[in-house]
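Step one of this worksheet: look at the structure below.
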Amino acid sequence: MEAIAQKIREAAKRLLSEGKVDVVIGYAKGSVPMREYPYFAYTPEEAENLTWTSFCCNNLALYTIRRPGRMAVVAQGCVSRNLVNLINENQFKREDLYVIGVNSPGMVDRRKVQALFPGKTITEVIEEPEHLLVKGQGFEQRIERKKFLRSNCLTCVQRNPVISDEMIGEKGPEGHGGNIDNVAAPWEKLIPAERWAELQETLKDCIRCYACRDACPLCYCHVCFVDEAQPQWCGKTQDEADVATFHILRAFHCAGRCTDCGACESACPQGIKMRRLTSKIEKDIRELYGYRPGMEIGATPPMSLFRPNDPQDFIK
Amino acid sequence: MSDNAEFSPRIAAFLCNWCSYGAADLAGVSRLQYPPNIQVIRIPCTGRMSPKFILAAFRKGVDGVWVSG
Amino acid sequence: MRNTYVPYPVSIKEVRVETEDKQLKSFWLQFLNSEDASAFNYTPGQFAELSISGYGEIPIGIASSPTEGRDLLFTVNKVGSVSSRLHNMKAGDIMGVRGPLGNSYPLKANKGKNIVIVAGGFAVTTLRSTMNWLLHPDNRGDFGEITFIYGARTPGMLLYTQEWTAWQQSGQANVHVTVDREAPGWSGLVGFVPTVTGDVAPKPDNAIALICGPPIMIKFTQPVFDKLGWQSDQIIMSLENRMKCGIGICGRCNVGPEYVCKDGPVFTKTQLDKLPREY
Amino acid sequence: MSQKILAKDKVDAFLQGLCRDQDLFAPVMKDGKVGWGPVATAAEALWEFSNTEMSPKDFFFPQTECMMRFKNVQGDPQGMIMQAEAPLSRPRVLLNIRPCDAKAFQVLDLIFVQDEMTNDLYWRDKREKTALIGLACNDPCPTCFCTTVGSNPHGETGLDVLLVDLGDHFLAKALTEKGEALVKDLPAAAAGDEGQAAELKKAAEAKIKGGVAMDKVNAREVMELYDAPLWDRVMESCLNCGTCTFCCPTCHCFDIQDETQGEAGRRVRNWDYCMSWLFTMHGTGHNPRGTKKDRVRQRFMHKFKYIPVKRGGEIGCVGCGRCVQLCPVNIDVRKVVNDMNA
Amino acid sequence: MFARRRFAVLKNLLEYVGIEPGRLHFSWISSAEAEKFQKTVAAVTEAVKALGPAQHMIKDIRKVA
């Protein structure tokens, strides 16, 4: 991955020194292991800090929203899909955006790695082509990269960028073999009471920090529904009804827009699996309206469109 | 629960001003009898309906929600 | 030790619509328990949290003066859910008051001085309290000249008309009341508060100024005082920030190291110059 | 104060004694995460862990806390009068709390209890009824920086008892009257124990590598730090989420809301966070901290400048490193403070 | 018509999280169809009655938090 990182740096330096863009938005190495973070390079020197590792889990499309000037964004499949979404939703113009495309090898879930070493502190993770060398206080272990992918990366259908002005490295194969429909499947087999219990179990650790919402490039409303006070749609307590209201409505607001980038789950400090909700919606949108968000510039979002023959057997 | 004859559900009925609300009106004028469990909320169009309303209704304690255009 | 989050129960004694747009109403509140009334010791410039069960609390400046007796006067603008609910309440209804909160105008520390009061819009509330306190026979002799400058958009938006008319007539204070534009039936001053202040030209010698009004008024009044030779420590302002706890814990009214609810709302301009403009 | 020995095979008996008339909580392993939970035996509690993922502040300042109740009955205006919620019924012991977290409570004491008016009885009640038995850190994390913000892996501030793991037994140092009562039945410490604990303390301190420098931050005026250019870069990647404030042992901002359900009503307070756009929003639409930069700056300024200015030099951070670990975009407080100090 | 898509997705989602299918009803009734209105009210009431009281989204503020 270091070879790709080097090429990203070169591209960024070139773009910045030629004055083609004002900023290159990419990832930089975090101060703790497995926590690469969104980085903004304004000068060729700053571009030296850009990196590309197995832990580039934030969705950089988020930072293009309401950002003036010309920007270049390092984009793998999901990020590019969100950029397409934003262009389709008229959040910025295609001309203002320069996409540095990268094939995503699938990002690694730091929680899955951490779970191998319960209660222990990982101090360093070294990237190898197919492996990660995990080091900590008194232990060292080489693990197979693909076994620790984020669950959304496993079910990814678009590893290559949908749009790119420049491709770093080669385009790679699509898919990791997982099927997103399997995420919602276990719930779909349950009876209603069990489903509700399962929802509570999934959300029980939620601390209402809204990191999932704030990390999501879909959530750019000026005032989010949970913040609305007159009327107040959602209480602010830890009560399960309030927590459920937040997550249900948040998931619904992603309908027809969610690209399953996994930024919400990666951002969550409590490791909540909110994809169980969004993947169900992704599936419905695909099955009912044959739509995959962010795959094509100019596509009309499915929720602002209708066809006379849309399914309506649920309406009496 | 279903054998509980005492239970009288509260149902929030969101009715479109131009369709079902008119029908409700007509039903009233025609003296048609229907169960008294619904609480009618008139909305200017079914397009005004928001998922927030449905969850808000459940949060307020209704047992069912009926949206009719 | 008292739980200072629990409001004192009060009943609404009288409700009065104050302005022509009906957005401002005044409420006279009476304590249900007399021991609460004696515990509620306040001075002009302080505020209280008005509490309406089921709706919440709003911080409002106390418009009455302790020299007027035990009942409390609040004038409330209808903006949010609590104030809207309050506007629908009537005499006899029960609500809560929590306070008194915050510091107050430094009147006792400035005995012997001339006092200039500049008020804009409905920010006049705590200054009404101040005027009533200053003009009370017990206190009037402790101060020099009292100048009261007050402006509103239209005559119908002026609060406490009866009172400032009485102050004017008593000759105990120089009262200058202005409205933004000419209006039928209005024979008083016309013009914005900063202009009127410039015309009145209060002298800085042995004086303090209490300024309270919308940010735009303060912004333009400031240079007027500077020009007249006033120093920052003579200028005293009352801030307003969003509050919840009112006792310096919950953090939302934080301006730099200060909490507007506890260390304020009254600050001298000298203090404010050292703080971020987060108000 | 006395120094006692808690033999490792006597821990169960010791805990049983504690449980008799108190509720006992300790760090436990829950779904692969270290969190707080009730315990009765030594085996249920964790004895080797870095720290809990979330701070234990919710024992004293729950994320959702009912403050008062009222009755929402038509025709009964008296019902609308607020009644304060009952105080804690049983005393509690927090076992194996880390010294940094205990220190944080003492910082919060300065804020929750200031004088007759600013006197949070909800906080005080729980503080007074809770004893803290700390467990010294012999293995601080790479993200720990307690020694540079006035705390210590073997710190005693705020604790009633400090346990130091000496290998085959614990040294139990009673630090307050409350602590003395808890360990009164334990045997006295041996001669070498204190020296051994001091060695471990030195070793633990030495393990803390990164840290923050505060000298220039302390010397600078509020406005100099406020206007410093660093905030433009710090705020860039920030999501304005509440993670850092919610995991923080010293963040204490809250919101108060009224809720009604049928005839029941309550006034409840919930954690709130300065990163939220809504936090300072006025009813008029004016927002004193309207930009992301304002809000990000507020958190760091509050902890490292405003609290020290206001509370006699006490820093609003204990160096637990939780926010460093949990921030979704890796905003490292150590880097920010060092930039402030640059 | 746009609403139809919203409802379809929402209904699926609510059923997915455990709100019983019979709690949420949609219908098209024109202003002339008073009889359909009458029948639908009866049907909706019956369906909800069969499910008993809804509990999920109601927060119990009486419990000690």
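So that you can tell them apart, the chains are marked A, B, C, D and E in the order they are listed, and the count of residues begins at 1 in each.
Note that in this section a residue touches a chain if its C-beta (ideal position, glycine included) is under 8 Å from a C-beta of that chain, and two chains touch if they have at least 3 such contacts.
All of these numbers come straight from a predicted model, not from anything done at the bench.
> By label order, what chains touch chain A and chain E together?
Correct list: B, D.
> Under the document's definition of touching, what chains do chain A and chain B have as common neighbours?
Both-contact set = E.
> Work out per-chain C-alpha centres and flag the one nearest the whole-protein C-alpha centre.
D
> Looking at C-D and A-C, which one has the bigger number of contacting C-beta pairs?
C-D
> Between chain C and chain D, what's the gap in Å when you average each chain's C-alpha atoms?
Those two chain centres are 38 Å apart.
> Using mean CA coordinates as chain centres, what's the gap between chain A and chain C in Å?
51
> Which integer distance in Å separates the CA centroid of chain D from that of chain E?
Distance between chain centres: 45 Å.
> With centres defined as the mean C-alpha position, give me the chain A-chain D separation in Å.
Once rounded, the distance between the two centres reads 32 Å.
> Note the residues in chain B that touch 2 or more other chains, in rising order.
Correct list: 51, 55, 59, 61.
> So which stretches of chain C touch two or more other chains?
Residues 80.
> Which residues of chain A are in contact with two or more other chains?
Residues 229, 235, 237-239, 241, 245, 248, 252 of chain A touch two or more partner chains.
> Going by the touch definition at the top, which pairs of chains touch each other?
Contacting pairs: A-B, A-C, A-D, A-E, B-E, C-D, D-E.
> Which part of chain C faces chain D closely enough to touch in the complex?
By the definition above, chain C touches chain D via 1-7, 9, 32, 51-57, 79-80, 83, 93-96, 101, 215, 240-242, 244-245, 247-258, 262, 274-279.
> Of all residues in chain D, which touch chain E in the complex?
Going by the criterion above, the answer is residues 62, 64-66, 85, 259-261, 264-266, 268.
> Give the list of chain A residues in touch with chain B in this complex.
Chain A reaches chain B through residues 225, 231, 233, 241, 245, 248-249, 252.
> Can you tell me which positions in chain A touch chain D when the two form their complex?
30-32, 35-40, 58, 62-63, 115, 118-119, 121, 123, 137, 207-211, 213-215, 227, 229, 235-239, 266-271
> Within their complex, state which residues of chain A touch chain E.
184, 187-188, 192-199, 235, 237-242, 244-245, 248, 251-252, 255-256, 277, 280-281, 284-285, 288-289, 302-306, 308, 310-312, 314-316
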